[in-house]
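First subunit A sits with subunit B, and in the next complex the same chain sits with subunit C.
Then we have the complex of A and B:
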């Protein structure tokens, strides 16, 4: 299953195990590190192995996972989105602020919140595709604007959710928590879209090279706009999740997630220049970041050293991957 | 920016049309008009504003940001990003405070150590980007997270040490009515601009930003040039931090957060191209002045502090659109 997107493109390749590992060494590496971290953590502190702790790790990755899956679309298509963190902050506020403890407002709140996400995504996409502004500048601007709007809307925690909404954050179906089920559903849908549909193939093609993609009949503007809309909508989903977890909206809750999601996507070797990588790599990266913070908490290590380790992992992982793949691009 | 001038001399009709073909307001770059307009608005809104005290206070508070923006300009001109400068501010401020620990006698060795550490950070950034081929965005993002952790680890999350009174005397001191640190800024601006425009190294930076493959074929040592840019960025951020803490009474490890985005904003507003090859130190200083005056204006108008982000974002988009327009017209 791993890296089916690439498999589809390089269909003529022989599917030997070695070729599979060679082409996706970053993805394999990340999963191996995840397993090793888990086992080492578990040997030192047996509580790591408990089922409850595994659920906690999965809980940890839901928020970052939703954003990173969206970010993967943008990065594969050759752009990226710095505005996701601000979109989370803003949508958590609009969602909780619209509900204000009234059950009859839930549907309206959902509609409003996702409308905000679609709007930000459309603005990003149109500015990048039509006005041809560098994605870094465009999404930096929308990041500042969305964060500014969030602060102006309310400078502190605001809004109140209802018990029905709380179920999104805390409920369980069988033994699995609802947020994890939501994340798995979203992940599978996105995986199918990216690997089994024409749209997904076009995303890869656009990231691989704009001019060849255009000449092959890929509607590049449409792909650019839709990847950014997908990214922002998933970020609004994360905003809803955070509001459901905290019981209220918070203009600070998304701060930092934009860079963390880009790091999570790129840790497993997805190229920041687009066209190469897979959602499985993103899942591995998100798992790794969640696993590190969980293990550090169990080992009672200070948060600061956790930050240092995270930074080193990002640099080393990307360096190892680029050097190994001889990707001496830019 | 120089766009208008540069492109006009390149157009075939430049000789025949001369300057007459260009409307008067286009002879002077848009950034100067914006700055002039903003200053006029400030005067109109608050006629008492331009007393020398206000002006020097504004310049002194904004000087460190200018140094960060100049450093960022080097990296952006060479075609990269440096996201780590905000964390360099946090880390160097913590390091300086901890090593100086309020004693004048410590300054002699503490300041060189800070500058050395800052330079090493830049060199590490540069080597990771050029030799390990990590995209500069991710390399400096990693460095940013590492330095945030290092700053917290070094201080334990609380302000540590402190600065002697003499340090603040220097920060607040003036010579002929202008703060010392503004002189330092002017010296660095002149040095950087000369470096960029008049030396082989400076030309190489612009060439590498314009097209690294061609530069390599021309015999420019692309990796060396890139490393130098990251080195300058960290070094200037370190100097900026040391100037910053001379004017502060209190500091904490969150001080540098988002400063990298502020610096990048100034570079973009000045008119440099993301992706490299186009821009100058003077244009960055223009961007810095525009943002500084704009924020002063917002303060004068009583705009809430939280609205600054919103305005900053809109200004970036406006600046980019303005640049696109000039390019279209003069092409």
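Then we have the complex of A and C:
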């Protein structure tokens, strides 16, 4: 009996270590790469280490961070959303365009902007869940449509924000910029939702296996639609943030974010097929991408080498944990 | 025996083109193990899916505890105390045991958050109640063995206080060493008053655990019989209209001096735990068996070139063959029916015709354009010979029954004119008729000079079909037995690691052999 007891303890112990390193090796790896990038950047250019620069990096994170957190919901549930970039462009325009420098319009602008997000999310979710159209096709189509509507709304920068709104993009509370605080709040709420609630568990369950989830009684259509609504709403939030930063809406401002957000989610090992991964990984991925652009800017690298290096770093990060993880070669 | 707990009356269910259930009456008593048998397509799965709320019946009534029960969703079934354990399991691999057990019924704290502690505590209690070893509530499902997953499923069923647990082919995926553990669990549940509906193709299972057995055929219920007093033969005859002696094709008596046609010397791949050598003589079906983890699948993969070879050599008709990729395996005349036909054997979304034709295209086709007409003729011929029962060759292979899927895979290898055919669990989870046909095919193949290697954990199959049997234990060959000497007892001894002498007798002293040939 004593022997058995020991076995149990050992096994449990083993599990803890495996859980920390094995199951989350991608997350660890990303944070290690973040630190390495930071130190290497700092050694080459001391300015990287400056407090002001750290704040700049965090600033960089906000836009991509909001989108990627939303994207994480979709990816964990087994789909993804290509329309986020267009939603950002569109909502930056609707937000700034509705305000047009009038303070009394702010609340209406918020309501309108988030309504746009909810609509796009509902359309994506219902098409995927009910009409069973492949997520790639669905969100590719809504990406085109939303981008088209944005151009229809205005073909160039449009709208004007007010000083109150500017505070969202530039204000500080203490020494911390407001956008970062907003991002941290959103992150914590989403983290709690994903790890501590029934809804979060069902998101993981759906991504891990549609059939088992359905047969266990998980309302899979509801989860599908909800994840897409969350994703689009957070993208609208990013649209508001960009409008607040630029002082105006811009039909081009979201271009490219759809793929960057997917990269940020998956870089730390969150499975593109769903069911596996965490928001911590997404945070690491966002941090890494923000860090890379910041460091590259300090190093004055031309855009083309930045792109190439980014690509290489993404591959290296993903390859390192894939080779390390035990599933490799299975 | 207890009172009637469930009764289904006049249940009809049709799908486009098929009437899956025709006026089915089915009832269960509390605390009994009720076996449900019949061919694939007989309607067993449909019946339990209607019971569990996955499908809605077109007509007919279900009474549970004497009250009308109309499930609309799987959750209704679960909440009414009916748990179904599907063959392909109903667990999310990336979630922990505890989370799987309470999925969609999670306990919550006052604030509405998941009550993880209570989930873990309750699932630990359930695992303990079933005496599950080496599984903790925080383990991920993906890290568990098949047996452990099954126990988790049973624990999950108990977590909703299920009165009725339906088990669909529970022993099909289990290694023999774990089957007894499952039976122990079933007896335990029965003693606690749980009713079990037990679906199986395996006769031994029914005699081991069932109190009553219901036979189904073509969507109809044929008969319900008490198992006590029933014998093996009667049941099989009732089921198939065949007697057990017709099950396996007849064998010739063992001859000492036959020519060796296929030889493996010290073969070891990166996945194998030990080097293996054996010889196969002409016109014999060579069986390889052992308990789970015995390494037979790894051996087959090494032969076919799936895993990397570290050492050893393979000879066919005195000529050395070297294979390092499956493509080379194909070209050297190997055919390989894998254990998991859905994952490794078939292109599920492709038509039956494509599935059959592809390896031959790879092997034989030269030039730029395919002669589809000629190919179709060949596919039709082989599908006819193999008696594949499908409406058309254009049906997607995922829509076929297990037996027909297996025949499709065999057809594709036969069409390549393979010289060495390796089959891993060839009849797992398929209906009796297809089984008999596949056994006969194996016999015909060896008669025509093809080397057939059968990997199986089904003792009846190994003893009834194979001429010589290699027994592996943790990757090491323990014995090679000829069929006249092999018994279940001896095989199990070897499979659990006992050393046997040349006659297949254990080297350690033992009092006679209790094993009987089935």
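To be clear about the criterion, the second predicted complex is superposed on the first by the 302 of 330 C-alpha atoms of A that agree within 3 Å, B and C clash if a C-alpha of one lies under 4 Å from a C-alpha of the other, contacts with A are read in each partner's own complex, and residues count from 1 in each chain.
Just so we're on the same page, contacts are C-beta pairs under 8 Å (C-beta built on N, C-alpha and C of every residue); 3 or more make two chains touch, one makes a residue touch a chain.
Just so it is clear, the model here is predicted, and its values are computed rather than measured.
Contacts of A:314 after superposition: subunit B is touched, whereas subunit C is not reached.
In the superposition on chain A, A:163 makes contact with neither subunit B nor subunit C.
By the touch criterion defined above, A:101 reaches neither subunit B nor subunit C. For subunit A, the partner that touches more of its residues is B, with subunit B and subunit C as the two candidates. Contact with subunit C, but none with subunit B, is seen for A:217 once the two complexes are overlaid on the shared chain. When the two complexes are overlaid on their common chain A, residue A:302 makes contact with subunit B while staying clear of subunit C. In the overlay built on the shared chain, the residue A:263 is in contact with subunit B alone; subunit C does not reach it. When the two structures are aligned on the shared chain, A:144 is found in touch with subunit B, with no touch to subunit C.
In the superposition on the C-alpha atoms of chain A, no part of subunit A is touched by subunit B in one complex and by subunit C in the other.
The touching residues of subunit A, when paired with subunit C in their complex, are 7-8, 11-12, 15, 19, 23, 192, 196-198, 200-202, 204-205, 207-209, 211-218, 271, 275-276. Partner subunit A is touched in their complex by these residues of subunit B: 79, 81, 83, 128, 132-135, 137-139, 141-150, 152-153, 157, 212, 261, 264-265, 268, 274-275, 304, 306-314, 316-317, 320-321, 324.
Only residues 54, 73-75, 78, 84, 86, 89-95, 99-100, 103-106, 108, 112-114, 134, 136, 138-140 of subunit C touch subunit A when the two sit together in their complex. Looking at the complex, you find that subunit A touches subunit B at residues 127, 131-134, 136-138, 140-149, 151-152, 155, 259, 262-263, 266, 272-273, 302-315, 318-319, 322-323, 327-330.
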